[in-house]
């Protein structure tokens, strides 16, 4: 059983979750005037930004998931189920995003969204830790520094999610944008990762 | 005509069905307060659990479908149509799940869901029985014990579905969780399967 | 430019169109009693059958599209656009199906559905005629009898669609089921096709 | 890291965006008469045409994206993110299309749609310019005339989008159809491209 199967399913679920989020944007009712259209579009500026943030976050998780698949050569039952539970929370992101979009001022919505991102990050970290533990599912020649880098990197997302949840009790308007630190931190780790592998991966 | 084609379609339909289920979760109406949001989220706790159960069930069927594809080397017209009808009931799962989510106390909803799962299990069993009968679509070197194990394994899901339907007339609240026995039983069979093939498949 | 690209897009669009149709089934409103649920389910029995008919029709078109891809070795701009327009009408099938489901007694709904199926059948025939004309996109060694069989076969769907549209003015209840002749005729052609190729394709 | 991964995600997102647009077509309410059905269908003739225009535009972008992938042999972090932002605006097309469909007479809707198409065109041009700059991600043997042709070609879509947005202030009814010049211009460039490569690509 290779990892090819789970990758095809993951690509499908990521693609759908990323596209379904656009359904959260309120469609205007036909027959209204220009003024209503203006206010509808401007009124949901928050939602557009939320859509963009969630799209970028899902893209980050997709990139990370694929990078792990690159090194994970085999799969087993537990690894498969970690992946499936991970995909279950990927498919939940459109719902979490709509919660935050509809209730921009409510900490409970931010906490729901934050838990979703925390769980996604934690499961990816589990996935890497499980696969690399005693080189269970990876090539024995894999550089141990890459294993360690992957673990340190995996801690970033859960930490950012916890910080954003805390921040939402102080200022819910800002907390959603805290997640944008995730792609920034990813870029730093990416740079170190590329230096380690000589840019071949 | 190889099985590659039907696999690509199956991956797509599974991915969409698993993601569409999240649309069953009621989106809050904008402009309500924190109290309404709390009660909305808590009020549909049943739906979240139903989403998780159906996601896990679809994942089990997806794994089983792919495991069968691994051994089935050819396809013919009948095999193709068994698969298509199977996919038709896969695409119906989001609807069945929403029925159970909206009517948690109604046996008729549970029976509808149970029939859906029963048919999925029965079609997978048919698929395996048809493909392995006289080694019609599988490799002649396939271990006969694996053929028999696959058939015994295929009986589990329909039996659990019938039990859950019966249970729904006694206690509809519990019956939905009876389906969680399916992944548990699957794990047992998986263990025996791996021992038989020496862990290579 | 190989046909691989258009196949991946086609698999995706077929999978989504087949799964989206389930959204046409009316979801019950929460909080109603068992009687309402019963009448909802029975009241949309027509819709369930319509869903099944459309799913089977889309599966037939998907099989035919893939069978053509098997023989078509190259693609060009015109061939690509015939395929894209074909996929545009594939994506329209969920809408046509919902029209027929909501207006089972109206010939205009049946005619809309019939035109959709007619266009799908006609475009597949065009696709085959264009690709095989002077062996433009197929292997020169392709049996001319297979080319002719493919053309005769391609005429069936448009003819059935026209008949069903005519029938809808006489008896709209029956006309939807006329489309089930398409898979039956397909089976006949399939049998002749297999005899010609010696069962290898 | 090859471009294979991003292609699978792109195929999925394009397929879903193209199919989701059909959800913009208003579904009739059950139980209405033939007269209502007629007026519903005729009343949204504009929407059908808008659906067709957007489907064709997405198909043009899909073809262009794949043609670029054919030459781009490697990927890097920046290239990946140009692609992801591109896909974010692909997923937004169903929403933009519904805006234009519901507000056919409002320049603001046309401008929203136009910006979406402009950004898509500009990002594809960026993608090509970035990948071919100093042969960063393409084969060094790539004909410099093809690089230049790709850039000239990439300017067409943004220019048409700007023209259509300007036109929408004069005559919003016509402006939507201005986008149909994009496939026409594409055909001209395609012809020159094919002459340059001798029809091999």
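By written order: A, B, C and D. Residues from 1 in each chain.
By our rule, contacts are C-beta pairs under 8 Å (C-beta built on N, C-alpha and C of every residue); 3 or more make two chains touch, one makes a residue touch a chain.
As the structure is a computational prediction, the values presented were derived from the model and not from experiment.
S.K.: Determine, using the mean of C-alpha atoms as each chain's centre, which chain is farthest from chain A.
M.R.: Relative to chain A, the chain whose C-alpha centre sits farthest away is C.
S.K.: Do the two copies chain A and chain D share over half of their interface residue numbers, or under half; same or different?
M.R.: different
S.K.: Measure off the straight-line distance from the CA centroid of chain A to the CA centroid of chain C, and report it in whole Å.
M.R.: Their C-alpha centroids are separated by 37 Å.
S.K.: If you average the CA atoms of chain C and of chain D, how many Å lie between those two points?
M.R.: Computed from C-alpha means, the inter-chain centre distance equals 26 Å.
S.K.: For chain D, write out the residues touching at least two other chains, lowest number first.
M.R.: 8, 11-12, 15-16, 20, 23
S.K.: Quick one: in the complex, what on chain C touches chain B?
M.R.: 8, 11-12, 14-16, 18-23, 25, 27-30, 32, 34, 37-38, 41, 52, 55-56, 59, 62-63, 66-67, 70, 187, 190, 201
S.K.: Mind listing the chain B positions that touch chain C in their complex?
M.R.: 1, 5, 8-9, 11-13, 15-17, 20, 23-24, 26, 77, 80, 84, 87-88, 91-92, 94-95, 98-99, 102-103, 106, 108-109, 112
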